[in-house]
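Consider the two complexes below, in which subunit A is the common component and subunit B and subunit C are the respective partners.
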Partner chain A sequence: MSPPIAVFLTEEGTVHALDDTCTHQDASLAAGWVEDCRVECPLHESTFSLTTGEVDQPPAKRGVRAHQVTVRDGEVLVELSTAAPKLPPGVEVA
Partner chain B sequence: MIIDQLDTPLTGTSLKPTPAGVAYTDPEIFIREQAEIFEKMWNAVLRADSLASPGQWRTVTVGREEIIVVRTRKAGIKAYLNVCRHRGMRVCTTAEGRSKTLQCGYHAWTYALEGELVAAPNLTSMPDVDRGEHGLKTVHVREWLGYIWLCVSPAAGSSAPPSFEETVMTEVSTRFGEVQSLENYGIEKLRVGQTRRYEVAANWKLIIENFMECYHCATIHPELTEVIPEFAQGWASQAQDEIHGASFGAQVEGFTVDGSAGVAALPAIAEAQDRKYYAITVRPQVFINTVPDHVIFHRMYPVSAAKTIVECDWLFLPEVVEKQLDVSRSVELFHRVNLQDFEACEQTQPSMSSKAYDDGGALVPSEHHIAEFHQWWAQQIGPFARGR
Partner chain C sequence: MSLAEEGHLLIIGAGLAGYHTARQVRAQGHAGPITILGAEAHPAYDRPALSKAFLCGTTDLCDLYLDDPSDPLDARWVRSDAVTALSTEPLGVQTASGTFYLGDAVVIATGAEARRLGGHAIRSVEDAAALRAAPLAGARVAVIGGGFLALETAATCTTRGAGSVTVIAGEDLPGLRRLGRPVARALHSLHEQHGVRFTGAARALGVTRAPGDPQADQVVTLSDGRGIPADVVISAIGASPATEWLSRSALALDPGTQAVLADDTGFTGIPGVWTAGDCALWSAQRTGLRPVGHWQETVDQAQALAAALLGGSPSPMQEPYLWSDQHHVTIQAAGMLALADEVQVLAGSIEGNDLLVSYLRGGTEIGILGMNRLREVVRWRKSRRIRPAVLAA
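Right, the complex of A and B next:
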């Protein structure tokens, strides 16, 4: 089972996929602010790289998983990362 | 006792009655005015260019509500009641700011600039919560004359606000002849040269009544009467049905504190509007004064029965503001007029609760048009109980 995945389309037209759940608290990164190939968590100031999932500043301390994306004939295909998901305290994969 | 506060005078009488003193002091009447007048009508609150870029917001008060006015990324200017839908904390807690979202500082419910709830701690584990439905409550917005106008009720979505065209624009056109003749001044393209904020210890109706008449001009406005000598006769620009342009004195070069020349005239004004002063009241809270080279735009915010905040903008051509031309003599003239008027209103307010004013005061013929304002006011708030 995988936690929810967020798929992003940047203003430049590139497509990316990250685990949707912030590592600090249960917030959906899909609702975050996308700029310069990063997404800012909608709740606090941490931002995550859309390509690697790495985090820049607290309060989140761990990055999220980034997934491989291919766009074929207008369809977005995501290949799940095999790493273990990093979920915030209290959130479990259903 | 329930009374009809406006008895029509016998025809031919010089004096018409004003409302009783209680109309200017009673907190319950004031609440009714907030609910029935200010919250139901369109109020001008901000210059649209004061929210220049997406994410910029300001808080304003209309009636009993605090409102966030924000420039969004995708939907132009929007306005919301400044009340978190979670447990009610103020979402924005300062007068202005710039942010990517509107986030409540209590439990971090986070709203998009466009209003919907986008995030909240643990929201993902509450899939039954509809984010649109729990967004900030919307307030109706219009832009006109370069100002943002708000209408608080009815809540957006429940039913339509009063038609802006039929209320605000019609009010302007019945006073200004036609909207066009006001549009000659191109107010939407002007820029703010200066803004002043006055805290006036007087009921808002005293301020409107004062603004509508010029019977006081020769007594309290020496500088204004120098520039516009006909004001000494006591007839205001708005005393007749259609607005009357009040002429500058023969030696007067411009609408400035010493009658010296102002800056370059606004390009589109009609010939008949040159060397003239016009004034209108847009109920319930806007006064517009136009002169050939600038426009003076007042907005009133009643705070209590005995306190009103007035903000006054002096608007000039963009190049005048950009080149930082000296407009101090233009600003000084109406700033003095404001201080003189507000002082008179403040000296009147305490008498409103005196026995001597139980039955109100009197309007002389050059003030009779104010009775129409009183009738309108009485219609909006309905009958009230008089008591001391």
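Right, the complex of A and C next:
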């Protein structure tokens, strides 16, 4: 089972896919703020790279998984990362 | 006078303010030693989850540690040693273990202590662990206080299967004075949907043993003469700055709260002595322009203090921000809510747990609050963002 995945379309027109759940606590990154190819969690100030998933600052300590995205004929194809998801404490994949 | 490149920074207090000050000072390039003194036995930990996930049992203390074990801060931590006195000449502190620590600069970040009326409190992890271990299932729980800590705790007690939860908020609706009527009504409705009861405007006077009710441990006596019998009583009635150890120092303390007074970079006016977090009252907080006791405020203060301490110019403080989780509803507020003279409902309904309200002063919007309105609140905060001035080369 995979945790929810968020797909992002940046102002520059690039498409990215990350695990949707912030690694600090249960919050949907899809409700966050996208700028400079990063998404900021809607609850706190940790931002995640849309290309690698790495995190820049607390409160989150760990990055999220980034998934490979291909756009073909206007369709977004996501190839799931084989890495283990990094979910916040107390949150499990449903 | 800023801290020299190789100067020793002594941080008093190993909580959110102490950790973030150290982190910011390192991030902003300080190379000299940093020592962080803490009274508690644990590594520095984050408190917001103590009334929520930790109290529910879904996270443990190790999940709350502020420092990252895989990328630890370059600092020396001293635990279980409370400070007892500040010395300005030489600059340093005396601790309970009899040690004197010298510093080239001292940051006072001793936080605040829960005010207690009786029963449990929720400030330290020990407080929260004691309540977590209490038999809440089926119990009659009384929560004294009407702020977010009290409401979060009440919500968690329902999750834990409490038989009844009664909140003694001391006002007609929880949050009425601070957040206005629409939000207070929505909070009241949210909690009532989950079976929480409120006692209205009557204030809690004290907690006594219950002679007439052998099943109940305690009775909370109210100002209107009622008594609320309870198996578990929780006080969440605010916190007082932990500055008793400074009462004979040269520092200026606020006459009301005993918080350490400082300018808006955390400088106390005594050379080398700075302060941030819940033990401090910066000028803008004293005049009511900035909130007191909020997580984000402390993190932002740490950044400003670190910049000033190292001789740089602090980034501007952003709009105040706070959040809460109650019954799976995320409540977020940003801006200068305390200054508002008008509240307007923008969207959502009282009963729908999806309210979005605007706070105005003289007709101008100065704040926002959303319940499960993450996108709207983040957009508002970003639209009000103050960017650092670009300095001419």
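The rule is short, and it goes like this: the second predicted complex is superposed on the first by the 94 of 94 C-alpha atoms of A that agree within 3 Å, B and C clash if a C-alpha of one lies under 4 Å from a C-alpha of the other, contacts with A are read in each partner's own complex, and residues count from 1 in each chain.
The rule is short, and it goes like this: a residue touches a chain if its C-beta (ideal position, glycine included) is under 8 Å from a C-beta of that chain, and two chains touch if they have at least 3 such contacts.
Keep in mind that this is a model prediction, so the values were computed, not measured.
Asks: Clash or fit: what happens to subunit B and subunit C when subunit A is overlaid?
Replies: Clash.
Asks: Based on the superposed arrangement, let me know which partner A:43 touches: subunit B (first), subunit C (second), both, or neither?
Replies: In the superposition, A:43 contacts both subunit B and subunit C.
Asks: Would you check which partner chain A:21 touches, where first means subunit B only, second means subunit C only, and both and neither mean what they say?
Replies: first
Asks: Please work out whether A:4 is in contact with subunit B alone, subunit C alone, both, or neither, and reply first, second, both or neither.
Replies: It touches subunit B, and subunit C stays clear.
Asks: A:33 contacts which: subunit B (first), subunit C (second), both, neither?
Replies: After superposing on A, A:33 lies in contact with both subunit B and subunit C.
Asks: Which of 96-104, 204-212 or 366-374 in subunit B clashes with subunit C after superposition?
Replies: 96-104
Asks: Considering only the contact definition stated at the top, list the common interface residues of subunit A for subunit B and subunit C.
Replies: Common to the two interfaces on subunit A: residues 25, 27-28, 31-33, 40, 42-43.
Asks: Where on subunit C is subunit A touching in the complex?
Replies: The touching residues are 20, 23, 46, 49, 53, 56, 58-60, 63, 66, 68, 70-71, 299, 323, 330, 332, 374-375, 377-379, 382.
Asks: Can you list the residues on subunit B that touch subunit A in the complex?
Replies: Within the complex, subunit B contacts subunit A at residues 100-101, 103, 108, 110, 118-125.
Asks: Would you pull the subunit A residues touching subunit B in the complex into a rising list?
Replies: It is residues 4, 20-21, 25-28, 31-33, 40, 42-44, 91 of subunit A that touch subunit B.
Asks: Looking at the complex, which residues from subunit A come into contact with subunit C?
Replies: Residues of subunit A touching subunit C: 25, 27-28, 31-33, 35, 40, 42-43, 45, 58-59, 61, 89-90.
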